[in-house]
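Quick notes on the structure that follows.
First chain written, first letter: the chains are A, B, C and D, and each begins at residue 1.
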Amino acid sequence: MRDQDQIERVAAATQPLPVETDVSAPEVPAAIHERVLSTRQLAWRRFKRHKLAIASLSILILLGLLTLFIPLISQYNFSQLNLFRRLLGPGSAHWLGTDNLGRDEFTRVMYGGRISLLVGLSVAISAGVIGGIVGGIAGYYGGWLDNALMRVTDLFLAIPFLVVLLIGARFLDKFLPGSSLVHTILILSLFFWMPDARIVRGVFLSLKEKEFVEAARASGAKDSRIIFYHMLPNAMGPIIVNATLGVAAAILTESALSFLGFGVQPPTPTWGNLLNDARGFIKVAPGLTWFPGLAILLAVLCVNFLGDGLRDALDPHQKLGSKE
Amino acid sequence: MYRYIIRRLIFAIPILLISSVLVFAVVRSTFDPLGGAAINPRVSKADIIRVKHELGLDKSPVQQYWTWLTKFLRGNWGSSLLSDRPVYPDIQSALVNTIVLGGIATAFSLLVGVGIGVYSALRQYSWFDHFSTSVAFLGLSMPNFWFALLLQIFFGVYLTKWLHLTSPIFYTAGLSQPGSSGFNLIDRARHLVLPMLVLSVQIIAVYSRYMRASMLEVLHSDYLRTARAKGLKESRVIVRHAMRNALIPLTTQVAIDVGAIAGGLIITEAIFEYPGMGRYFVDALFRGDYQQILPWMMVAVFFVIIFNLAADILYAVLDPRIRYA
Amino acid sequence: MSVQVNERTEATSMTERKPLVKLEGVMKHFPLTRGIIFQKKIGQVHAVDGVDLEINAGETLGLVGETGCGKSTLARLVMRLYPLSGGRIFFDGDDITFLKGRDLRALRRNMQMIFQDPYASLNPRKTVGAIIGEPFRLHGTVPRNKIRDEVRQLMELVGLNPEHYNRYPHAFSGGQRQRIGFARALALRPRLIVADEPVSALDVSIQAQILNLLEDLQDEFNLTYLFIAHDLSVVKHVSDRVAVMYLGKIVEMAPGDTLYENPKHPYTGALMSAVPIPDPDLAAMKKRIILEGDVPSPINPPSGCRFHPRCPRAQFPICREEEPELLPHHRGQVAACHFPLEDRAVISEEAEAGS
Amino acid sequence: MKTSIPFSGGPWVLKSWSKDQAVFTRNDKYFGKKALLDQVTIVPRTDQPTEIQSLLSGEVDAIYPQPSDVSLIDQVKGTPGVTAKGTDGAYFEALWFQLESAPLNDPKVREALMYAIDRQSIIDTIIKLNNPNAAVLNCGFVSFPNIGNWCKDQQPFSQFNYDPAKAKELLTADGYDCSATPCTKGGAPLTIEYSTVSTNTRRTTTQQLLQAKAKDAGIQFKIKNYEAGILFGDIGPHGKFTMADFATGGSVDPSITSSFACENIPTSKNEFAGGNWNHWCNQQATDLMHQTDKELDPAKRLQLFDQIYQAEAADFLSLPLYVLPNVGAWRADKIGGPVDAYIPSNLGMFYNMNEWYLLK
């Protein structure tokens, strides 16, 4: 009971919502006469009922495509200057106007979105991988290893998060040369994995006691196969939900870092540093403040709704047909 | 229970010590202690060597750590290399300011968040529930520095201009009116409103969602059904039984959050020029002032550890299911 | 394939002289710890506390006892799913107590397990085909491209529709799931199958089908079963010999009929009295013995005879101080009791005395 | 400085001082012109946007910010009663080259770089936002550019105007292949690392501007920025940069030996305390520097400095960009007096606060 609560507490401490992770039987036995559906199909069915999540997913896909194909859509390059057309308002030539160096704001917001989304996704994925490994090992082997790993996790959770990010950025700058984009992703992933680790550990602790894991061992499966082939797929639901919410948190954190002047450095635009650049023109060209801000809001909102929908879909407590 | 608490307290000491080693190692290896001095062209080579010796930077890392720790514990926190101001009084006042801001924001958010959460849970799927859920999502997804920026420009520039005021209704920077001395409640409040608002948006969103979830869980539990079946008044069922139990997880969450406040208001403080811990840290970081960063980190980490401990103990005290021998 | 068959015939002939599985003083203690980083051992659960047992090739050994008596732990010890705290296990004459890694996995080909909970023992994320086929993949006994056919054959063998190869476990009923578990256990053609309460989670109507299936399979594959249950009537139905376990120890072991007719240990007697009897006359004669008190905690098992706090025949101080040994009574019957029950009809007499 | 009040001469007495504000009151014992205001409070603000914000909202009455890439004049426009003024300041901003780091260890590349940098566009786009009269800076680096004669007539850097074609020509002559952008030599693209203070938006905007412009000259700038503490505490002294943008000031009576002489190249020998971050070692110039330190006659010193300037330009030591503007803005509806008198000076806008008064 404690563990479960701990997971929820910690999850809530580091991300927007308390995650109602499931660590019990991940299956709802379908009555035999029902049409036989795979777990995935059942999840998809539940997901489809979540209108907001569907809408969010569509918006995100659209946004993703826009940012990916922005070189084809826009006639401008994100770094292309036009010093004669600076700080223009929105218009037909420049949909969202231009910035202080006469660069097309629409192109920059989209390109910035590409970087921000890239950061969000990479961070969520690598955090998921780190957390999955740490939590998996801790949950599977238990004992002193579990204790040691969980104390490390606690330690990472305990240190003020942004402080470590700021100091960590410096640390990397000093000891590991590389682009600020890679640094930002590295640093963020290094401080986003703890909720994943806790969730995976919780799921593994309960799965470990499941007979199908014993059955696998009795069949002669190695630890690695049991962990990755048998247990991990059963932990995927909570991991995916958490990773989704992690994308949102990573986008917000990256933009905050950039806003403070850390994070991804110009000329690579991100939503955060676009906003930071816009501050000096808030009266002259308010659009420069509004558009990147709204873009962050929209993207993060959609990711959060998507995460919510996924939680509903992947949470096996929820039976198909019941209205909850 | 007392033994548990005492054991946890004793246990916190090695954790604090280990943290201090880590803090020292990380800060020492990341920052050049004299990096700040090097900015100043007037500092001579001889001075640097002298200061190096004074600070004991020519000794072994273990000796350095030990000297630093013993001094730190005795209250000798050193002085900033750049301004030569002693660090202790500045961190103290910064800490007080941050606790004031964080405390008020947390208290306010708790009040609003719990209210919204409980009401949403009681009226699940009502328009209020849907509305508050949507607003909570909006709050969670809002980049808070952006929100702060919008608030600043609205209250600071536009509203002041439209209403032909000489000073804004809510100030956009600082702690008190420049030049004022002493404490003026109204002035202080006018400075606190905007940063508090920015902080609260997210906390309210988290707490209300959290409260709603745990309240729903309690409402669907067997013992509550039993309480109802016993014929208790609905209001009593809600307040005495449901809310009390639903508040348990939130309480520990709040304890953890409060611990993080000491080091965690960096963005809000930076934007609102609020002279708290976050601002102190960012200033020190920008200048690379090792002498300021080290004690700051220790204070922040100390708070986190202590409040995490408090959360654990609170949890043990509040949750009757858990009994530690 | 042919080589394997040869081996088996040879092995079978050998085990006529030797038991297939032999347990010597097997113990399993689970430590109870406290503390976060520095764990202090504050006690241990004596789940299995010195068990000697032999399972002969081709027989079915039933193991009964109340919930929590350690029978499931014993099953897992035999399967080497847990490390032992003490004692030795021999399989086919070889000491397997300390097998590890590759050797241990190789042993799995010879012994398999069937689990109690048909819902928990199948990985919900894998198709039936993947579940049954996994042993083949793990041990490479069947070429990859043949696995599918082999699995379908197994499904047919246990009474499943091979068409359902690609379905997920949630689409099956409890009985069907247990059949899937059998198919998985049989895939490697093991010599020993440890069945841990294989029918206790099933409807009574399905129990019989499954038990019959077990018997059919035993004949067909010359299997040896360690059959665990808390339901004596089921055990008696399938077992050649029955061992009774109480608080981590075997208290009595005998051929099924002997045990039923002439229990020696008062605990067995009490268990037997709870078995429903199809003959109404006999049933009328019989009185149920209700044991008083709870099962004592395995953390702190009673001294001497572990049954003494609940035993209606206990005499002090001997029962409290001296641990009884397993002594032979009738042919093939052993029991550990200072004051064993007298032959026959004792049950009702005891019951009257007790009431 | 110590927390004890450090000084109290002049027209003001420091009443209290903390990290958040410094309060000055009139020094009634001052021998000169007594201050007209009873009390003045100085408060810190992070950056120019915030300072402007505070002025516009009426929270402060006068600001004297570090200019960023923000249009002070445009931002203030439209708020009646607020006046802004920008002039040349006392510091100058330049691109500094670390002469020992590739590819800038090749003088030809440095020469081409001089023509690849569009200084005029920096002035037009960024500096004029704060100082409408700004112009490209062309003299050497020794003193306050607008004080005294040190930077008056000599304009050794005026020859370097943005000319991408010429830059490419020079590079081609140096063995670079400029058929594609960026130019390449032996397959390796011509990339120059360009560093500055990451939190200074004026500089990062300049950077992006120059990066785009240099592309036309076949040169690729790779941007690698640091916080001030790292750039000036670690990267600069240890010579870990290739090209960096930062400001420097001189003194009224300059000596440049510590900044440019051979012996002041930071090395492990002098514990990296030397001021010659450019690693420029021109023995002739160093000798001239030593002479200037001994020369007492200002006219002769000026001549010697001129020779050093020439050597700087000839060695493509660095490229001066602009004089950092001094900007100030104040509520003209509230404050009277010669508020803007000292904005252009190195003494700062608040130097004559004692002559300011409140309008009723």
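We adopt the following convention: contacts are C-beta pairs under 8 Å (C-beta built on N, C-alpha and C of every residue); 3 or more make two chains touch, one makes a residue touch a chain.
Keep in mind the model is a prediction, meaning the values are calculated, not measured.
Taken together, chain B and chain C share the touching chains A. Taking the mean of all protein Cα atoms as the centre, the chain whose own Cα mean lies nearest is A. Taking each chain's centre as the mean of its C-alpha atoms, the one that lies farthest from the centre of chain C is D.
Of the two chain pairs considered here, A-C and B-D, the higher C-beta contact count falls to B-D. Chain centres here are Cα means. That of chain C falls 86 Å from that of chain D. Centroid to centroid, with C-alpha atoms defining each point, chain A and chain C lie 48 Å apart.
With centres set at the average Cα position, the gap from chain B to chain D is 38 Å. Chain D has its Cα centroid 42 Å from the Cα centroid of chain A. Residues of chain B in contact with two or more other chains: 31, 153, 157, 270, 285. Residues of chain A in contact with at least two other chains: 170, 174, 260, 279, 282-283.
Shared interface positions of chain C, defined as residues touching 2 or more other chains, are 36.
Here chain D touches chain B in the complex through residues 1-3, 16, 18-21, 23, 39-46, 50, 53-54, 56-60, 79, 199, 227-230, 232-234, 236-237, 258, 270-273, 275, going by the rule given at the top. Residues 36-37, 39, 76, 79, 81, 105-106, 108-109, 112-113, 115-117, 119-126, 134-135, 138-139, 167-173, 181, 184, 187-188 of chain C are the ones that touch chain A when the two sit in their complex.
Listing the residues of chain B that touch chain D in their complex gives 31-32, 34-36, 38-39, 41, 44-45, 48-49, 83-86, 89-90, 93, 152-153, 155-157, 160-161, 165-168, 171-175, 177-179, 181, 270, 273, 275, 280, 285-289. Here chain B touches chain A in the complex through residues 19, 22, 26-27, 29-31, 137-138, 140-146, 149-150, 153, 157, 205-206, 209-210, 213-214, 249, 252-253, 256-257, 260, 262-264, 266-267, 270, 281-282, 285, 293, 297, 300-301, 304-305, 308, 311, 315, 321-322, going by the rule given at the top. By the touch criterion given at the top, residues 1-2, 5, 8-9, 12-13, 16-18, 20, 154-155, 158-163, 166-167, 170-171, 174, 248, 252, 255-256, 259-260, 271-272, 275, 279, 282-283, 286, 289, 293, 296-297, 300-301, 303-305, 308 of chain A touch chain B in their complex.
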